[in-house]
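There are two complexes below, and they share chain A, which is joined by chain B in the first and by chain C in the second.
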Partner chain A sequence: MATTTAPAPSELGTDDPRNPWTPSPAGRIARLAVFGLLMAAAIAAPLIVPDVQVNLVTRAFVFGIIALSMNILIGYTGTVSLGHQAFVGVGAFTAAYILTNVGLPWLAAVAVAMLVGALQALLIGVLALRVQGFFFAIVTLAYGLFTKEVVFNITALTGGGAGAQAPRPAFVEPAADYAGSITGDVRYAWLALAFLAAIWVLDWRFTSSRGGRAVQALRDDSRVAASWGINVRAFTLLAFGLSGAVAGIAGALFASTQVFVSPESFTLTVALTYVLMTTVGGVGSRPGVVLGGFVFAGLAPILTALHDTPGWGVAEEGGEGALDVCATAPPRVVAGVFGLVLLGVGIEAVRHLALGERRTHVQRVLGGLIFLGAAWLGAVVGLGGAFGALGGYCIFTSITPLIEPVIGVVLLLVTLIQFPGGIAEQLEAPLRWLSFGKFHEEKSTSVGGGSAAGSSSMRP
Partner chain B sequence: MASLTSSSVFDRVLGPEEGRLVRVGASLGAVIAVVVLASLLNVSLLSVLVNGTQTGVVYALVALGIALVYKSTRVLNFAQGEIGTVAAFVVYLGLAGFDKSVILQQNEVAFLEMVGWSILAIMVGAVLAVLINLGIVQQLQNAAPVTTLVATIGVALLLVGAEVLYFEALPRSFPQFLAGGPSGVELGGLCLSTTAEGACLGAEGTFAVGGVNITYQFLLTTAILVVVAAALGVFFRTPAGTALLATSQEPFAAQLSGVSVTAMSALAWGTAGAFGALAGILGGGVFQSITPGFMTSLFLVPAIVAAVLGGITSMPGAVVGSLLLGIVQTFANSAVGANGWSVPGPPQLATFGVLLLVLLFRPRGLFGKEA
Partner chain C sequence: MSTIDRISSLAARQAERGGATPDRVPVLSTRGIGIRFGGLQALQDVDMEVNEYEIVGFIGPNGAGKTTFFNCVTGFYKPTTGDVFIRGERVTDLRPDQRANLGIGRSFQQVGLVRSFTVLENLMVSQHQHVKYSVAAGMLGMPWSLEEEATMRERAFEVLDYLDLLHLADERLGGLSYGMLKQVEVAAVLATDPDILMLDEPLAGLGPEESEIFGERLLRMRRELGLTIVIIEHHVPFMLRVCDYVYVLNFGQLLAEGLPETIRTNRDVAEAYMGEGAATLA
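Let's look at the complex of A and B:
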């Protein structure tokens, strides 16, 4: 289905496979140092943020894993899944059931969640063999709604609307008399990070293997792939199984993050959020989709936190209690959307006027980063500024379901139209540099096939 | 993977003539199965048919727009439902005299006034759709299909946000075109269901068939769908309609024959927007209330599923799929209600079941020609 996607970083910088360019020893050290710093930042993140926000970091890591799972389907096989929240939810409820009703250790529950996740994805994958791309996307859409409304409401299995408990593993809970800064939340965040890293590496090795290349060949043209002796059925199912297994793991981690899981965490909006974060991240690019996952994991809680901050948020009219919860956040979100769109358009205009087409790669990257940062700033300013004018009435009794996609609109309409390749496209040069390639890439037209055509056609 | 599996079981085993026989047989079998099932499960078939058709008609109008847009520009338009909500709010504003604090009463709304505002709202819907096509979809022509899909999702959410900003997320009463039903009229002089006193069962001002209230609104809604479907059928025989079909099959060749691809995509999006607006105005009448985003949350997903059931590029398919889905959903609801089963989400269960069943035997949908 999808033939034009952003190139994966491993595919970059290989203009001439017979004589690949390699960095100098100093260059290697610099790259390793930057890589190490990034790793260190990820590890230090749960320690740096305030205690109450540590679970937010965990959520970001889990969203990163979900994005990798989405990427296997959208990025590698070119199959859009609009029901991925069901894949994750099945993993979450399986883990919860194993932990509370069967009483197996946590890691065993994760393993079972992984297997069940892979199994359901395989069943759906069998359908994908019969039903073509677009039709299949709608099957997943119906599957997601069916799972959320029917399967997750079977009280005997999932606790129904009341939800299910999913305790964390014993090994992340600190001793009772421990009073240091490495709390259970921090340890659990590290556990999630470890899973993310392991899945990243496995995914990387998979795409470099024969199987991975076969799956990506299916995306470009299944008929040509078949003529090269690639077993279409087997490799389609392989991709689905892998995606489902990763989603199952993510579900188990997600369930234990809040130690509780309910069907309301797996609505259609969540499925759309997953598609949004993968697309905004840049389908086909591991760093892109994971960054996209981080961005979307952080949006709703950050906005909710802003909403609770005095001066920005609620309780302006002196009213206390339950009503305040729904007082003013959504209008500010909508205003933020417009503020952001305006800001993004303004910055784009300035960039075009000031730099024109003479932009170098460094300028493009810097511009991209400034642009993203300004977009974030715009969200905050837009939210705050609109508060005074629009505050005062209750819009949603439940805030969270609409916030993420509404802000997603911003990232979408501003970023996507300018950069259809998403975050991955903006970070193309530094990512290429990090993966031991050149920062500056000469435009080549002859090699690279579909992915090169995809990256060059993004800005016509 | 598609090309290997695109033919249905029937096509592979049988020739086209035998395949048609099998199809007629399968349809008859399905009808008989439904009748038998209804009597086994104590479900009133007539009430299911009437209520199912009522929602099915709204699905059909949304599904027609989705199918038309997909046929012409290969885009799954997630904003199709929200165009209808915007149109419904335009009608609301017009009837309320641009005062959003007014609560509309059904008996205070004049029929012609509502028709007038509806025509304006339909134009608004058409213009909105054309603008979405120009501003977003055409800009993303070279992007991956999923990016375009995500962009239309974004448009839908932006529209919801704009509606919430102005109208707040409160339900507002929304009138039907015609209140009540043909009172005192019985079907062929026969009252199929009577009360203990011997009077014909039914709410005041409606007539009852087998205990089912038939309203003017229902008759009107069904008539509108018939007219729209017929008009679409005629349109595809006009030069403009033929050009649209040609563009959907082979844009480049159509361009060589002097057809403007841009104009054709605008035509398709505009028509789809008009259908969506009509669906919104009639959909608001189904529950007699509107809230921001109601078309997306209530009608969009069933309409997309219905369009796929019918074969996504087929207009008759979209209508048949929608009516089928509306009836099956109502059937599932009544079956669960009549027997006191504790099955969560019967409509979703039925939707997924029907989709699987149909796509298993016909991977291109009921009326799908293209793979």
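Let's look at the complex of A and C:
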């Protein structure tokens, strides 16, 4: 290669790409402060929420990990997995089996779950080398269904329909003689957060080192990657193995959250939820998919809560008989319609706020955030209300389990139409700022036209 | 010159190609390459030899099998018959990435770059085969991996600087014109540090002046980087000027081979390109 020695940064002009822009000391402190606040918020979250909701926070952290696992497949390798609930489930049941039948310590169980998760993912990865695109999605779909219906019902391994026990590690349970205010639930939530943080860092290093780059190159064009000396087979399998390992860890954490795991936690709906949260979060973006995971982790419990609230869902109190339930239906219909109208108006109003041409970047980001939040809440409240109202008519009670996927689909459509990059696209500027870049990305002026001697310009 | 310019004797040909000794092993060679796609014989019995530091050209009408031949040499197609040799070693059964490890770097007719990466990231990933740290070390952020990343970055900048593309380093590929993309592709292939550079239509999207500059750059690269270069290109005058030796493919078979001057005046070649009655090329 050319043997010029690299000039010192001080000799380079400010426009030279070898001398990348870095924030001022004050800018650094501001970024670190915001980052610290976000971390503090995550750590404080289990303490702030009511005691009964702590496991919901843990669930959000676990979903964040699952989203990272999904992201390795969908985001980095570009293969859609519709059977990811099986990846997580294998980890969950492995951990449960090790904990109850083998009796190894909790961390060892997580390690085994990680390995088993990686191995089963490698098997699917071998298929991915032969079957691609749509057909591979079908294969994973079949794998997910098969695993849930057959493997997870092998009583000797998983306890079958009765499920399996997955006790939490001893070190998160407060000592018996310790009367502190920090409960085991909170400690377990922190443990899940620690795993999420560790996997986040590993994933970040993966994408900024040779392995992640090679995998992403394969996604775009495996022929080009091969021509650069990248072993297509090895790196495809690597991605699958990593995704499976992360899913295995998530499964182990998931199992111990409720201290119990049953095959019913790994239905096809769950697989779809995983795909949705990754897509709505923003495929390929770490913060995006994790936020998507948080959003969807909260979806089902919030729906259940709404469903159980008189006036929204099927009335529970005071109405054992069907007649009572039907009697309260009209207000719920009104509420449901109102919710949907609110959703529509909200979306339209915020769309103007978010997408107006003359908005500043901050306004657009804020507008987009409000938009996504409104879409989410509107979908939950409006559709929840509407379906609850239908449920009130006694006949349609069986529809209520469909609410979650329906809301998921609505969110997906809203995302794909308005913000194809999902939450990550909306948060692009603040995320760039937080990762020590500039808030406003400057449009480069050097593109198009032979500005430098010897460079090419577009043919007329 | 009216006869087909096929030189069968290796010694005679190497003498013609600059007085090399007959016992010298060519850097890249094929023997009897043939490939059949269903009923179509895309290539038949193609022999080629490329000596060190040569610039060898492949010309021929559309559909003559030039790119197919490239794919056979680089390992993307497995020839039905015949063998490919790199420095005398048979590589017919090796995968493309293994051949890349042996020093073959190639470009693609449709730009061969990672679309979602910036120019710099493309040059980072194309250095893949020279990275010494393990994937695990990279994931754990080991100091030596970070150190090597910094070296790779520097090298990527060096290559970009060498091709006058430095100003594009942080650009996403979406914003670049086709001609620029082809240049960036050459940079990415150079970053793989190949011994043999195989370029598939590198002039596509370039204007006449830029083609001129690119030709000079090729000669400079051969001299300064010690490259052996194989080119497919439609632009016949360019090829006759830059190449040391030219192969002409037509309907999957070698129609002629020889020094550029002999090819220029070869009546068969002229007829294949320009139609009946043409006497000379360009």
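Simple rule for what comes next: the second predicted complex is superposed on the first by the 352 of 460 C-alpha atoms of A that agree within 3 Å, B and C clash if a C-alpha of one lies under 4 Å from a C-alpha of the other, contacts with A are read in each partner's own complex, and residues count from 1 in each chain.
As a convention for this text, a contact is a pair of C-beta atoms (placed from the backbone, for glycine too) under 8 Å apart; a residue touches a chain by one contact, two chains touch by 3 or more.
These numbers were taken from a predicted model, which means no experiment stands behind them.
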Which of chain B and chain C A:Ser24 touches, first, second, both or neither: neither
Per-residue contact with chain A, leading partner among chain C and chain B: B
Touched partner set for A:Val275, first chain B, second chain C, both or neither: first
A:Ala226 touches, of chain B and chain C: first, second, both or neither? both
First, second, both or neither for A:Leu238, with chain B first and chain C second: second
Which of chain B and chain C A:Gln132 touches, first, second, both or neither: first
A:Ala214 touches, of chain B and chain C: first, second, both or neither? second
Partner chain in contact with A:Phe206 - chain B first, chain C second, else both or neither: second
Doubly contacted chain A residues - partners chain C and chain B: 1-2, 4, 223, 226, 232, 454, 457-458
Chain A-facing residues of chain B, complex: 1-6, 70, 76, 136, 139-140, 142-147, 149-151, 153-155, 157-158, 160-162, 164-165, 168-169, 301, 304-305, 308, 312, 343-345, 347-349, 351-352, 355-356, 359-360, 363-365, 371
Of all residues in chain A, those that touch chain B in their complex: 1-5, 74, 80, 127-135, 137-139, 141-143, 145-146, 148-150, 153-154, 160, 218, 222-223, 226, 232-233, 236, 268, 272, 275-276, 279-280, 283, 330-331, 333-335, 337, 390, 393, 395-396, 402, 405-406, 408-409, 412-413, 416-417, 420, 454, 457-458, 460
Of chain A, residues touching chain C in the complex: 1-2, 4, 6, 15-18, 20, 201-202, 205-206, 208-214, 216-217, 219-221, 223-232, 238, 284, 444, 446-448, 450-459
Residues of chain C defined as touching chain A within the complex: 74-76, 95-97, 100-101, 105-106, 108, 112-117, 120-121, 124-126, 128-129, 131, 133, 135, 137-141, 145, 149, 154-155, 157-159, 161-171, 175-180, 182-183, 188-190, 192-193, 205-207, 210, 213, 217, 224-225
